[in-house]
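Down below are the structures I want you to see.
You will see two complexes here that share chain A, one where it goes with chain B and one where it goes with chain C.
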Partner chain A sequence: METNIKTLYEESSSKKILIKSSPYLFLLPHLIFFLIFFLIPSVFGIYISFTDWNLFGTPNFVGLQNYQTILMNSESTFNTQFYNGLTNTFIFVLFTVPFCIIVPLLLASALNAKPKLHKFFQSLFYLPTLLAISAVTLIWSIIFSPSHGPINNMFDLNVLWTSSQPFAWVVLVVVTVWWTIGGNMIIYQAGLNGISRDYYEAADIDGATTIQKFFKITLPSLRGQLLYTVVITTIAQFNVYGQPLMLTAGGPNNSTRVLLMYIQQNAFGSGQSIAGIASAMAVMLGLCIMVISAIQFIFLTRNDRK
Partner chain B sequence: MIDKKGVERMMKKSLGLLAIGLSGLLLGACGGGSNPNEITFWNPFTGPDGENMQRIIDEYNNTDPEYPINNISMAADDMYSRIPTVVNSGSGIPDLNIIHAERIVQFRDANLLVPFDEHLNNFDGITADNYVPEAWDIGEIDGERLALPLDIHTFVMYYNPTLVEQYGPDILDDGVITFDEIREVSERAAEDGITGMGLTWMRPAFLSVMAQHGGEITVDGQNPTLNTQESLDTLELYIDLYEDGITNEEGTDPLQMFLSDELVFFPEGIWMQNEMLNAEFDYGLTHFPQISEDIDSVVNWASSHQFVMFENEDRDEEKTQGVIEFIDWLRDNSIEWARAGQIPATLQLLEDGEYQDMPQSYFVESEENQASMRIFEYKYNGFVAEWLDANVFDVIFGRVDPEDAVEDMQREVQDMIDQDSTGLEGSLGDAEEETEEAE
Partner chain C sequence: MSSKNNVISKTISLIFLVLMGIIWITPLVWGLLTSFKSRQELLTGGFNLLPINWVLDNYTHLLINNRSTPLLRWFFNSMVISVSHTFLVVIIVSLSAFAYSRLRFKGRDSLFVFLLATMMFPQIVNLIPLYVIVDRLGWVNTPFAMIFPGLAGVFNIFLVRQFMNNIPIQYDESARIDGASDFKIYTSVILPLVRPVLLVVALFSFTASWNDFLWPTIVVNDVDRMPITPGLQLLQGMFVSQPGLLMAGAIVAIIPTFFLYLFAQQYFLESMSLSVGVKG
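Up next, the complex of A and B:
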């Protein structure tokens, strides 16, 4: 009787273990990163929000004191910071998310008609996403520079773009949308490619206009992509930090100072670290994001449950 | 006959050996191989002056010291975030660190600094006589020497000599330019479309003018005194200058204006000298604008880079001596640091001809000039600095009422101080007290 290594391996328990555990082995690398860089820090961060830690030594438990200060003590600086930061963050999300959905959608639809040079335009629209935030804000602060920038000089304006309202918001929205077009655009393009031409032909036969075709065929077919991008884009814009920091420095008069800027300043500022308050603010921000995402998800999938 | 179980065992063993081998490689790549006698030196010099520091380190290491230096530069924010991490974990603590002078008290209150006193016995040269007084004094707190100075850097004023000659020829005669003189020059220059003074970094500008008015950011070292008449006067001085058109307008870039001969006076730090080389003219350097002509009351905002040693079990007495040897060597070898535009703290340099030709040496030339440099030592300086950086321009440009602003500054800094837990029960700051009580 001859046995060979191959048969031995085939019948061995090692192989059975390998096969049974292979899904988990595939998950393992990401799971390790997720644990180390997301789950453990998040839990630790939530713990810190119940202390008055200053990054040195052992944290000192203070219960709900930090939350009370930022949410209810109207005489405290941190209360002012929290509400100012949260309001500005909400305003930012409200202004940017619609444009971050609509503009890439229109561009993707236009590219889907496959005009001349559409590959070139596709790359052009995607390019900004590849740039680092600091490069983006540097370029745009020069463009919007009141004295040297092309916008004021070409159109003969005298607008203080980054230091007066409502222009500061305009700058932030324009830069953010320009920077993030690429991400959503390719998702919509992939979705559009999957829509069967038959629908459009049938609509043409029935005499539908372009706009009717868009709202009756394109949009409903893209529901999955739209749901995903709306939720993800909202979450991403709640985390805005670089644009107001480097374009408007939170001004004018703290009107574009978003919550993450206060969190960063309190935890890692020039003075002693006030990590407890910063963590409490971060936890509240996280809760807001979760609630809003849940609302969006329920709202956008309600048709599926009818 | 092939032993089935044996082959299985062999396969498991090889997998196990592979795993161990890989982790061994990884660990080896991470930590090992460095010279145990090397002094890990952390500093925030990532800009052009980082090159000068590297040259200094290379020069020192070429003297073949027993404890050579391993130069690790990182962005200041990174460095100050990393320090708590390594200190808490107890491993990877650097042997020698450069920090900004205002932060000494923060680290001292957390009981993290090792005093130099008992280690200086073999070094007669490291004394008050050999260093710029302001830079030397700030390293001593409550009789303990917690830091040794590398340099002092001050916020002063550049000017365009041709324009000054044209619009205000005698203002430099007494060596001090006052705000009134700036006004006169600006009004004349405005007729030709030239702007008088630039609004640049308001944090040091505000602190200097407030001090010139006789104000203090703190009187007892703990509580801030920011909502004072002097603070108000300072803000109103700048508001008036802005409204009267003496300064550049909001949205314009004073640096570009200065470099293009469109601005007469440009207050900035000595560290900006490399930028000034882009001008088409030879710039002049003098004291920050003052409200009084009296040389004895001149205040130039200053900060300082200081050497400190964090508590570190791995650094034994001999290595500590090695650290201080490097600092001692710097007393005679700081010219390279001066070439970076800095004012090294060692007075030895005053005799160096090359240094005497450098514009920044003006500020250590005489005792009065040395005394004009002022480091705003206050435990909570960081909170004040952050408020100033975020809010002063809004006041100057008329968006916020100055009286509201000073109250806001006082309240915000006080609220932050109340939240600070350094030195309170339970934090590291309390560790020494508890052991003392137990004894």
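Up next, the complex of A and C:
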């Protein structure tokens, strides 16, 4: 009798251990990768910014020196690089994000009217988001080619698109919009589909114009999607790299060289790696992104707190 | 009255869509046509939409016997990397999502919220140390450097977990009454039911892996080991004055994702309704 109870107890407690341990077996694969390839690098990356490391040998702690250099030492090339890169990144974000919100919003609204072939158009506008950035920039550099491209030839222009300003920015914005708006468009479409027809019909009875309906019904109903896309799109565009690299090579005269290009150049470019400075630049860029996202979030949800 | 407005708005929308559609499709059509134009024509033939002579030279030059920019080799590398990565993503994500959705353990929800919060952390800071870790592991210039690090991602787990949360717990419970273990429930009950969202995860993971640009340029410097997307940067450097070759390279690079899209469009397009449902 006693032995039976003991065996039962042992059996059930080993089963308990089994039941208790099995969640960790499901979680462990991901958590291991998360630890090694995300958590540790995140902390490590911040640490490197406080060293003068060149990726070989042992890192040498230098405190805030790198930050001082890039932020305050106006005689250092890294300082020039940092401010030029940050400014260009900011300009890029300022130019592209509004278009990356407005254009897909208009497209989604047009698709929502469900005219003929709307499914085809939806597919077409979404397709570029699935193409590699390097292929996209190669294709568009042909389009904007001063001598052979359709733009100069069909409209009888003589613009040096990628090697003069402000046209270089135009190229970057156009290509970025073409490449990325598909994602936001689908989000807005899903949102628009959820708006009840009744609102529009009631507005029609009251004699509202299309514009009024758009601003009083459509936009407020898309608040959630707009908030999400504004924040996500801003973050994404802060990480710009491939377009200026392959379309304008950072030019003309470094006027489109974004911060991520300097970071890559300093850390992994030819010659010795200046990982400490590059990390400090990356941390600053990261801080900018986080602060701006927070500001956007607070500003765009302010009405929810009243 | 409102049906007349309806027709007007449909017409205006159609006109707008056609205009935008032309802008959208032109680069692709132009690129494709240019890839069939001979070098001769591109130098001296003036400006034409269609090739004067359709040639395959650009493709043969890049694909056959090409040591300096081995496009075919690059394509193969990308395929190995992206397929392996996608396969692993689906397994790891579904296992994790199952744990966060179905299993009860201490700290489950706090851990999940923590993981989600880390998604906000800017990835740029990781770039340099990630290279160091990959280098110490001996993975530089190997496919592993591009297959494994991405498995740390959390967003897909979030997506699949949301989907799993909508599966009634009764399915699990009836299996448990029959004596099924957690793992059996995972394989026999949950996995078959989450196939749609796993397919979406697979499609997006493959595409992201295939299109990855900056990271591969950091961890691969051996020309033969490159995937195709960073390889195109090399191609640009080598053939900057030969648009025909550049277009052929670009077209080859976009073929897999293009055809994936052609056959699985609905999964890409409807993916948003999976995540938008939780917009809040």
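We take it that the second predicted complex is superposed on the first by the 270 of 306 C-alpha atoms of A that agree within 3 Å, B and C clash if a C-alpha of one lies under 4 Å from a C-alpha of the other, contacts with A are read in each partner's own complex, and residues count from 1 in each chain.
Definition applied: contacts are C-beta pairs under 8 Å (C-beta built on N, C-alpha and C of every residue); 3 or more make two chains touch, one makes a residue touch a chain.
Everything numeric here is computed off the predicted structure, so don't read it as measured data.
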Fit-or-clash call for chain B and chain C when the two complexes are aligned on chain A: clash
Partner chain in contact with A:148 - chain B first, chain C second, else both or neither: both
Chain B versus chain C as contact partner of A:160, first or second or both or neither: first
Per-residue touch tally on chain A - higher for chain B or for chain C: C
First (chain B), second (chain C), both or neither touched by A:123: second
Touching partner for A:57 - first (chain B), second (chain C), both, neither: first
Touching partner for A:190 - first (chain B), second (chain C), both, neither: second
Touching partner for A:268 - first (chain B), second (chain C), both, neither: both
Touching partner for A:303 - first (chain B), second (chain C), both, neither: neither
Common interface positions of chain A, toward chain B and toward chain C: 55, 145, 148, 268
Chain A partner contacts - residues on chain C that touch it in the complex: 1-2, 5-6, 9-14, 16-17, 20-21, 23-28, 30-31, 34, 42, 47, 91-93, 95-96, 98-100, 103-105, 108, 111, 115, 118, 120-133, 135, 148-152, 154, 157, 181-183, 186, 207, 210-211, 213-214, 217-218, 228-230, 232-233, 235-236, 243, 246-247, 249-251, 253-254, 257-258, 260-261, 265, 268-269, 271-273, 276, 279-280
Contact set on chain A toward chain C in their complex: 19-20, 22-24, 26-27, 29-30, 33-34, 36-42, 44-46, 48, 55, 106-107, 109-111, 113-118, 121-128, 130-136, 138-143, 145, 148, 150, 153, 178, 186-187, 189-191, 201, 204, 210, 224-225, 228, 235, 239, 241-242, 245-246, 260, 263-264, 267-268, 275, 278-279, 282-283, 285-286, 289-290, 293
List of chain B residues in touch with chain A within their complex: 2, 4, 7-8, 11-12, 77, 80-81, 84, 87-88, 106, 110, 112, 250-253, 256, 380-383, 385-386, 390-391, 393-394, 397, 399-400, 411-412, 415-416, 419-422, 424-429, 431
Residues on chain A engaged by chain B in the complex (per definition of touch): 3, 5, 8-9, 12-14, 52-58, 60, 69, 76-78, 145-148, 160, 163, 249-254, 257, 265, 268-274, 276-277
